[in-house]
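Notes for the one structure printed next.
Chain lettering (A, B and C) follows the sequence in which the chains are written, and residue indices restart at 1 in each chain.
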């Protein structure tokens, strides 16, 4: 009896310590970035273009570029991903095509992002002739997030108890009506979470945009989807590795990192707020 | 073994026990009346209370099984049959007691041997004992064909009984001073006839239990 | 005309022979209970009647099922039309994440009815028929999830009644409910018999005996006995039936 209690106590303490350790690491990283970066954050930093070899000025074009890429990749990956997720879970639960798609998406999500970048360059930039452009970058990022979107959609739909589908079908509803009116509204909170998290992933990626869209230095905003843009992660990479004066742009780098982290943080918070909102809405309406 | 099966087995044992006691009461009462054995009559009289108590015990067992186990099909039929057989046995035991009381209440009762032979009291008693035993055997072996015999036995009992009034009336005419004894004897016959009827009822319940046939109030020719 | 007439029905899940030559006839406005041990095929049979088994891959059926004289497995039969005729209530209450009103209106809406007055009238009437009106009349716009399990199940019954089916199938409708809710459902089944033909799968023998007119006993994919409920529960013909209902089974 005694030894059982002791091992119980040890295990609990260990688990507790480990989870505290996670928090500590997270706080350390955030604290480090914030303390170094907060100094350069001001209105000019957020709204001006970089100047003097990226050692002065702001990061406005990079922020805008990142947003464009987020929107562009979402436009591409959400419809395709959600629809194929629906197809796989609702229509083709047990056929060979679906399991093939499933294996492929699993493989796809394991592919390193730099490979996506290379592929995007070969297909979109060169073969299709989009050049280094928002379009090519968005499509590449879209491809990257597609497995995630498909998986979350499928998982969210899978979580809906079959009894709801049967209940709807038993009332003479068609399959499409059932998906539209019962299944999707119920799965929506979870799908939306997945989508927003995929946005977070997209906004932080560097490798896929490296060869497809990102401009090293472009202190102006794009005019069309065939223009290049700057993007936060790439900008951060540039100014901390290959800027004209790395030492003097160090503070700028921390500032950029701070903005990037903040954007991702905001996106995550948004995800959980939306999730709760829709979860409540689904129950109440 | 399942709980309900245990309960039903013990109910079955109890009704068989009740049956044996009743059989022995009827047998002893018959012996007592045939041999004017007052000690035996006393013994029957003493056991009556035990039988009454046993009847109540079986009733409450049935009630408990129905309340707690909600038996269906053959289980339900057994419990219902036992419930009714039980009250029939109790009535039969009552008649045995009644016969013993006749003997005990009239210590000087002497019945004419000739009258007894003539009225076939002996064979009536034997017949009734046989019917009771057949009932028990039919129940224990769950063979309704044994119970079927009881109906024809009862027919014979009724026949003996039908002739008794005339025979006793003739005897009274010849021996008017013995009218009282004769009326007492009539009482004995009447009770034996009723025992026969209850045996028939029991046979019906055995049919209900084994074959779920409802024979009550119908022609018993099978 | 018979309301349900199943003839020589055989059913397979891939290789598994789940129903073996079932012949069962049900008259209008009767309640039929299907009983038998788990896996005996009673639920499978129930789900044949509104073609719910179609949803399962690799199933195969031979024989015919007529509902009011119409072969529901004939080519060209539209399954969604059939399911309006043959409603179903499930084991677990499964109201949609919508308001009480919308739950009941759902069946009407998906079947293309948009007349507001008609929908409202039908919803109210269905909730009343399901003996739920007094409990929900003040909160029709509240979520159905706020109701108790027993109320949810009656809501699901109301939802089924709203599309005015001819037959109502119930797959262990009270197995997840407390005794009082169960009693209410049973009471309701008795009332509904006046207007509908009902087939109910149940594991609760007392429930079968209380609510049904006829009982069918299934065992290992066969229908062993089908007779008046009173007959089944006092004097079944088959020993197997007797062993099951008296609990001597297995």
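As a convention for this text, a residue touches a chain if its C-beta (ideal position, glycine included) is under 8 Å from a C-beta of that chain, and two chains touch if they have at least 3 such contacts.
The structure displayed is predicted, hence computed values, not measured ones.
Chain C has the C-alpha centroid lying closest to the overall centroid of all protein C-alpha atoms shown.
Farthest from chain A in terms of Cα centroid separation is B. Centre-to-centre spacing of chain A and chain C amounts to 47 Å, using the average Cα coordinate of each chain.
With centres defined as mean CA coordinates, chain C is found 53 Å away from chain B.
For this pair, chain A with chain B, the centres built from the Cα atoms lie 93 Å apart.
The residues of chain C lying in touch with chain B in their complex are 205-206, 209, 232-236, 241-242, 245-248.
Across the complex, chain C is touched by residues 2, 4-5, 70-77, 212 of chain B.
Contact residues on chain C toward chain A in their complex (touch as defined above): 50, 52, 55, 57, 80-81, 83-84, 87-88, 90, 92, 94-99, 102, 106-107, 110-111, 142-143, 145, 156, 159-160, 163. For chain A in complex with chain C, the residues that touch the partner chain are 93-94, 161, 163-164, 166-174, 177, 181-182, 185-186, 282-285.
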